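Common to both upcoming complexes is chain A, partnered first by chain B, then by chain C.
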Partner chain A sequence: MSYFKDIFNAVKTLLTGMKITGRYFFVNLFTRRDVITVQYPDNIDTLKMHDRFRGEVIMGHDENNMHQCDACTICENACPNGTIEIIWDKEKNPETGKTQKVLLNHIYHLEMCTMCGECIEACPSDAIEWGQNFHHVTRDRSNLTKSLNRPESILNPNFVKSKK
Partner chain B sequence: MILELLNQFMPAEVAFYVELVIIAVVYLGVFALLGLFLVWMERRVAGFFQLRLGPNRRGPSGLFQTVADALKLVSKELTATEGRDKFLHGIAPYFVIVAALMALSLIPFSAELQAFDINLGVFFVTAVTSIEVVGIFLAGWASNNKYSLIGGMRSGIQMISYELSIGMTIVTMTVLAGTIQLSEIVEMQRGGWFIWTGHIPAFIGFMVFMIAGTAESNRTPFDLVEAESELGAGFHSEYSGMGFAYFFLAEFVNMFIISAMAVTLFFGGWLLPFEIGADIPFVGAIIFVVKTLSVVFLMMWFRWTFPRLRIDQLLTLEWKYLIPISMVNIVVMAILVWLGLTF
Partner chain C sequence: MENQMENQEFLADKIRTQEYQLNMGPQHPATHGVMRMILQLDGEEIKNVEPVLGYIHRSIEKMCEKSSYKQIIHLTDRLDYLSSHMNNEAVTLLVENALGIEVNDRIKIIRTIIAELTRMASHQLWWGVMGMDTGALTTFMYAFRDRELINEIMEETCGARLTMNYNIIGGLRYDIHDNFVKRVKEFIVHFKEKLPEYDNLLSNNVIFRKRTEGVGIMTKEQVIAYGMNGPTARASGFECDIRKKLPYSAYGMVDFEEVLRTEGDAFARYKVRIDEMWQSMNIIEQLIDKIPEDDFRMKTKPIIKLPKGDFLQRVETARGDFGVYAMSDGGKNPTRFKFRSPSFANLHGLNKMSENTKIGDLVVNFSTIDVVVPDIDR
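What follows is the complex of A and B.
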């Protein structure tokens, strides 16, 4: 008897499966409602990657060309691939009179980055974050070495470092 | 028809051979176009099943995508393994393609459009389609590659097993039809399609036929012969360029042939129900192709729904389920026909 039960169950489950895929097919054939792929080069102007997308590491700057990096080099040490190099100098702060580190160049080698996120996790100042750009193709690999702080940018004096 | 036309301006014997050549060329063209179209359809349908769009760039709805792919394959270098059996390796694709072409020539597209209407029709189709397994087996054997060999072996097991249940289903339907000439089988269905007149056994027969037919044409969920995940591409992993394209096209044309047989045996060939539009010349062919493509779509639906079977499950399905069912089915059908219980 279990022989017939097997056949019956097999047919039933197969039909259940076909019902599900059939619904996908016909809904997409007529409405394109659930299509999850995007038409890439056509929608290049409107394309927005999802929030968690990891395109590259960037440094946020505000409208006064100020960033939040105080050149602590924690990210440089956190990176497992040696992707980041921080070039810094000591300068006297004109207001407080204290000597402090100043960021000259935050060098980021995109070609060595594995998008692991260790640097962003480690940064105590939330100075670096994920960028959404993924158009990285270039004919010369030296183009992949980027400076993350913009030219002439300075440390935001009002920024209070969070204690991590 | 063509023969009469040709007879007007050349001697009878020459006209006969010229007609043969013309028909052969036409069928080769149909074969290639059909293969390309089916590949496109498969990819497009697969796209919709998987919430994608499928090819949609080259030509309207991506219709020329497969043409471009075929051109690419033609331009590829033919490579081959060291130590292969050159002769068998070269000849194997032709077995597959010739078998598919010969079966295609028997398909009754409409009352007029059938190249080769012999009174052994059904029997000839089953015989010719089993030549294909020779080609696949040769390809696997001659490639000098263990994965190809395993693929070839599996194809032998699979095709020989499933041919049995296909054969028995066909016997079931010929019991109902009382003839094995394909055009007559269609004519018999003028009063009602066999799936209707033969009701329960015909329906069971149709299910068995579709399962076994999917296995015959080596498609998922029965694609153990190719088995991308464990055998690379199975029997054709050592073929490149046109050799590969032949196998690929033949696989899709075989799917068409199986579907066309299903339409002929169960769904009244070129006839519409209640004889709507019957006997207008080319309408029949269009109806036939539309019906066949619907059955092809059903096979694609299987492919994108069901997971693949293991080889032992495959054989269990055939020998423990399909064969007993189809045997009982023949008896039931015979009794129904005997007692006149068909519609």
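What follows is the complex of A and C.
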């Protein structure tokens, strides 16, 4: 007797599970109510990441192609894995006559970056920030080495170092 | 009858059987990562399991010795990536305690809520994979449906889905997002409705029951002898929840149950984790309305130097007791940094657990101790 009882119970538990999967199957077939998957490459134009999403490190430029980085190299030292290299030169400021550091290239090796945020945390003048782009796929690794400052960009003369 | 006996003796003389070795892994879907196990088999029966480690060793401990304390935090994400928030918390708490920084209640409560969300996400993933290992592919999809909601919350508030890196020394990287409280509440409502489905899909399933009940039994004494911890040990009745024993962050403010079972078999280990998800929801519900208005980070020095001495901090991750030990000579970097990872300790019990069971049971046992391989190999 217990043999048949076991079979009955077994079929019952299987059907309980089947009921759940079956319900989702039919509900989503007709209403798509609980569908949570997204059609990734197709929705690329409408896809918006959250503001805080850490996709890559970028440098903000204003409309006059000016950035805030005075090549202090604090971010280079804060980075745990040598992702950032600051290439700078000394130049004479024509107005004040003092020599000061000028940023030539803010090199960022995206392939080495762990998105830890220490550089952005450390930067005293808020020159770098998070970008939300995550489409980094490329066929050549060298494409991932980027210069964050745009060509011909200059240091914003009114930039302020925050107290941080 | 006699004839048969004679026949068997005759066969035993003629056919020689012997034990043999079989490699499972390093690339095996059931080992959840790159780990190799050398199985000593007699037929299909397991005589000995010898895990071979080192396939993804990254010498993180050595890297920590070269890094400043701020930089160490993000390396701990890469140990047990499913409990990344708790790992971060362990290092931040260690440094904060060493420096004597007392964070405010807002920070404590937010840390605790995020830690419990992480624990649930980790257990959900484990549940899905557990189903897959026992042959039920569907569970994986259902687990990911619910896990996606947590990941979305994490992405909005912390900026990343898995390696959150949200803790910094003396507080949090950002304040919580405006939607955080609303979304967490929505998730709790959603998941309270969906968690019983987990039981109907898998826990009550007769095939699953047959494969887990009475499999890989560990007694309480054995669990203690092998140094196992976390949900795996609590399934054998060993009280080892650090959240209860040595409360940190906001765990002292909440009232929750330490889930314990006494059977010690694979099903008990399974059930402990399911019940822990209920407890996590319980903790979050108690805290979510109590987040006080305050700063989300305390003032710290720009360069952090620990005083001379040894420091230890233990936290409860989704896998168990995670310990961080730092030895400092007063400089910017630790002279020695050691992690005590729960997965590594739990792996010790696998051999005992799988003695004289079949290969299929090994997969179940391995799945119920819920190891994350990068946590074993640091």
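In this section, the second predicted complex is superposed on the first by the 126 of 164 C-alpha atoms of A that agree within 3 Å, B and C clash if a C-alpha of one lies under 4 Å from a C-alpha of the other, contacts with A are read in each partner's own complex, and residues count from 1 in each chain.
Following the convention adopted for this analysis, a contact is a pair of C-beta atoms (placed from the backbone, for glycine too) under 8 Å apart; a residue touches a chain by one contact, two chains touch by 3 or more.
Just so it is clear, the model here is predicted, and its values are computed rather than measured.
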Touched chain A residues, chain B compared with chain C: C
Message: According to the stated criteria, A:135 is in contact with first (chain B), second (chain C), both, or neither; which is it?
response: neither
- prompt: Is A:52 in contact with chain B, with chain C, with both, or with neither (first, second, both, neither)?
  reply: second
- request: For A:116, select first, second, both or neither according to whether it touches chain B, chain C, the two together, or no partner.
  value: second
Message: Applying the document's definition of touch, where does A:21 land relative to chain B and chain C: first, second, both, or neither?
response: both
Query: Does chain B (first) or chain C (second) touch A:90, or do both, or does neither?
result: neither
Message: With both complexes superposed on chain A, which partner does A:98 reach: first (chain B), second (chain C), both or neither?
response: neither
Query: So, A:5: does it touch chain B (first), chain C (second), both, or neither?
result: neither
- prompt: Thinking of the overlay built on chain A, is A:29 touched by chain B (first), by chain C (second), by both, or by neither?
  reply: first
- prompt: Both chain B and chain C contact which residues of chain A?
  reply: 14, 17, 20-21, 34, 36
- prompt: chain A touches which residues of chain B in the complex?
  reply: 45, 48-53, 207, 301-302, 304-306, 321, 325
- request: Spell out the part of chain C that touches chain A in their complex, as residue ranges.
  value: 67, 70-71, 73-75, 138, 145, 148, 155-160, 163, 165, 168, 173-174, 177, 197, 200-202, 204-207
Query: In their complex, what parts of chain A are in touch with chain C?
result: 9-10, 13-14, 16-17, 19-21, 34, 36, 49-50, 52-54, 78, 80, 114-118, 121, 130
Message: Which stretch or stretches of chain A touch chain B in the complex?
response: 7, 11, 14, 17-18, 20-22, 24-25, 28-29, 32, 34-37, 39
